[in-house]
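Quick one: the structure is below, and I'll ask about it shortly.
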């Protein structure tokens, strides 16, 4: 730690130590300062790049914000999210129910592990995006197809994390349960699942992240609906500010969702980890 | 050991650096960059042949195949492609860049079709869901125009890009009313002749695909553009005279080398069906005028069709020069 | 799993699935699933075609360039973030955000900034791979025991020597793990780039085969791609295993 | 299963205070892990009310033997007899104290202590009453609603010991229970343990690698030699426990036993 602060000091010019020092102190105290600062840097750079302009197809930041509020104001944005969230939520819920079940089964049974683990390892590592268009052949273009696309991306992640969670359960807790003659059922429900639950939840969070990717792929590859429709439609009519607003909003929504889940995980689910 | 590691490290650094430099370097050469809104298939063979002929006449052509027409249009707007393919009327009206069409490639040749189990004619579609290509597209325009004519209203319009996707969806039963192209029509007639009914359609003359570019590019590269327009028009005329020529020319220019036999067999019937929809004089002012009527109905264009100016959408200079040279048909 | 005392390797169960696939394919239940055997014969034919070789060349080229950039930029950035709080504060937000953001929505936008065609694909590969490499390199550097650094300093090691001989080597297990996950993400990136923006390379072939309902070739190409992703990750995993001994002992 | 309903008072059940000696008999236990032989031909008896320590260098299989007695690991050959019954798995007459405490991080001290009873289906009110009693006995009153992460290492192991006592087993198996506890607390623990041995009249089997600890707390020390683990010696320290702890630690007899054990183990140290 000492080495680090020394280097930080060296990086600063020596002429104006007071103001910089003050900023540095402030910055160290408040992490949000950095969030605001780096966001401000990006938005300024974006605004400048848009004003030059580097391309006719590159809107300024202010135009994008205006377009965003316009779309929120006239309700198109809310309608779009209503459409986009349907396959996302449905797909993630189905993946969570099946995925945690399959993952726990694989964690508990060597036979299930042998049979299923390689399949999910392949599916997680493989570029599933290539298979998304195939879904339309069987399930058409509706909600089913998009939900399936979300499941294709989210399920392997959730399964493998649940499986790992169960395999990494503290073995001495399991021994403890056995030494008190706990039945297999008690072992699973009183020890294994509670002990695995933080990792299970982390797997769910990663599943939600994969689900966002899945729903965007579905909306850009199967048929444009929701946010995907906003992106493609506004591009096709050269409303690039609107298109950027849609892209930025989905990234922001997914980031906020994941950050919220992470917060929930560290503050509510694992109080024992918070101190570290 | 240490020496070897050092050598490997240096080599790695150099190769990474050279790779970084190599990316922009490839973009320095200045060929005519043509952006397709679709992959190369039998349907694009005509244009591919014309591009080969332009190359023979000294125009350096570089093609790039993009996911969709709107991405192709975006590429032209942002200056990453010189010439785009599509019918971007909506975009032309809104975009700040001086993009203009300069050659009509094909006219809309579409066939509204319904699953006869559920619907028999236009009136049955009142309050029903239909599927078209994309928002503001020609297919939507046709369906909306027919709805107006027949005094009906659809409950909703689903956007399903790709005529072959809509054809497949019809066959699978996922879509009950949509609009397909000529090859889709042939597939439906071959696969399940009794299951689908093609709805009657009045006379429609509108641009399906056109070439468009930045006017600056057209001014600076007028010669190349003329050669391109010339070779397209002559190719179109050849195809119109004898659709079988496409198969021959494909062999000659070694296009679509890995096409399956089924695809090759598809070439002649496709172009035979297309024959009448091929604009042999490159569209121009007349095409623009009828497009205005048509696309204002679909909502792609806003305003009164009579007040829209051709010069806001079309750059006729090159087409007129070429047509002046080779004559009209 | 062990059967009659013989240990059956886990990946062997894929053969069971392949067999099941073959049976379903032979029953001709759905055109989407042709028999495995015909997929393999289609695959053999496929790799001999010029278009496959061409597509592979394009794909591999974009992938290699994108990955090299991701590693060349990601590892140093991660190390810097791990060493200097100020850089960590500035970049942390973006790295954490993009590591799990739906980048596929961003890909069409990238084209405007970075150009079309192969360049976009390179950028896509880079963007898919780089964040996890940064994060893992950072985590690796953060985990370097302070006592190791103090040991090196007490023996008079210079800053550069500490960086090369202590920090980089000590963080190597995490850096390699990051690169392995980065490689897998890069493969996903190359495919997404190729089917979402510029339809070239494998993306073009996928599009072509799925449109002409050529399922044998489609699956053959999928298997080639999946196998490549697994192979790449297996290679890095091997390298990881070789240095695993000190990941635990550190 | 009479233990289920047993209470703190039931510990003095006259039936359990038998004069009969061996509660646990280890008969010809061998353990192999593939080609590695961990334990060879172990025969031992453990008496009621006595604390026996399994002592030996690392790799002598002392923890393995303890877990075999606990029924957590199956033996390759030989048998474990407890109260004249051959056992193959864990049973209600034995309770285990873990080296790493094995506390459930999501459960309060109260629930952790009552967990053994919870598994047996004892009603909540009853098991909480028993748990509170033992929490008090190990000196943790006031911490019932804390979570393990809020306790120090020493306090956590007190929870582990209270949990083992709460099921009122005849035999307590302690696997290096104080190795993760700092030196000061360790001594306090050893004294507490001696007190518990005295009042509870149970059979204690204790594993440690500390010679001083073994000599201080044990009635009997079983020395194991490594690779494969075999019985080397059995020592009965016979320390006068009426003296104060500090006196014991300075006692010549105590120091002699420590030295004696060290001499027989030293050639195993590398």
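So that you can tell them apart, the chains are marked A, B, C and D in the order they are listed, and the count of residues begins at 1 in each.
The rule is short, and it goes like this: a contact is a pair of C-beta atoms (placed from the backbone, for glycine too) under 8 Å apart; a residue touches a chain by one contact, two chains touch by 3 or more.
Being a predicted model, the structure only gives us computed values, none of them experimental.
Should one ask which of A-D and A-B has more C-beta pairs in contact, the pair is A-B. Farthest chain from subunit C (centres taken as the mean of C-alpha atoms): D.
If each chain is reduced to the centroid of its CA atoms, subunit C and subunit D end up 51 Å from each other. With each centre defined as the average position of its C-alpha atoms, the distance from subunit A to subunit D rounds to 48 Å.
With each centre defined as the average position of its C-alpha atoms, the distance from subunit A to subunit B rounds to 37 Å. Remark: subunit B and subunit D have CA centroids separated by 82 Å (rounded to whole angstrom). Residue numbers of subunit D whose C-beta contacts span two or more other chains: none are found. Across the assembly, subunit A contributes 55, 57-58, 137-138, 235 as residues in contact with two or more other chains. In subunit C, the residues touching two or more other chains are 108, 112, 195-196, 207. By the document's touch criterion, interfaces exist between A-B, A-C, A-D, B-C. Contact residues of subunit A toward subunit D in the complex are 170, 172-173, 175-183, 186, 190-191, 194-195, 197, 271-272, 275. Put simply, subunit D touches subunit A in their complex at residues 67, 70-72, 89-92, 94-96, 98-100, 102, 104-106, 115-116, 118-120, 147-149, 167, 173. If you check the complex, the residues on subunit A that touch subunit C are 1, 3-5, 7-8, 11, 27-28, 31, 34-35, 37-39, 42, 54-55, 57-58, 110-111, 113-119, 121-122, 125-131, 133-134, 137-138, 206, 209, 212-213, 215-217, 220-221, 227, 231, 235, 243-244, 247, 250-251, 254-255, 258. Contact residues on subunit C toward subunit A in their complex (touch as defined above): 1, 8, 10-11, 13-14, 16-17, 30-32, 83-86, 89-94, 97, 100-106, 108-109, 112-113, 146, 149, 153, 184, 187-188, 190-192, 195-196, 202, 206-207, 210, 213, 218, 221-222, 225-226, 229-230, 233. On the side of subunit A, the complex with subunit B involves touching residues 55-58, 136-142, 223-225, 229, 232-233, 235-240.
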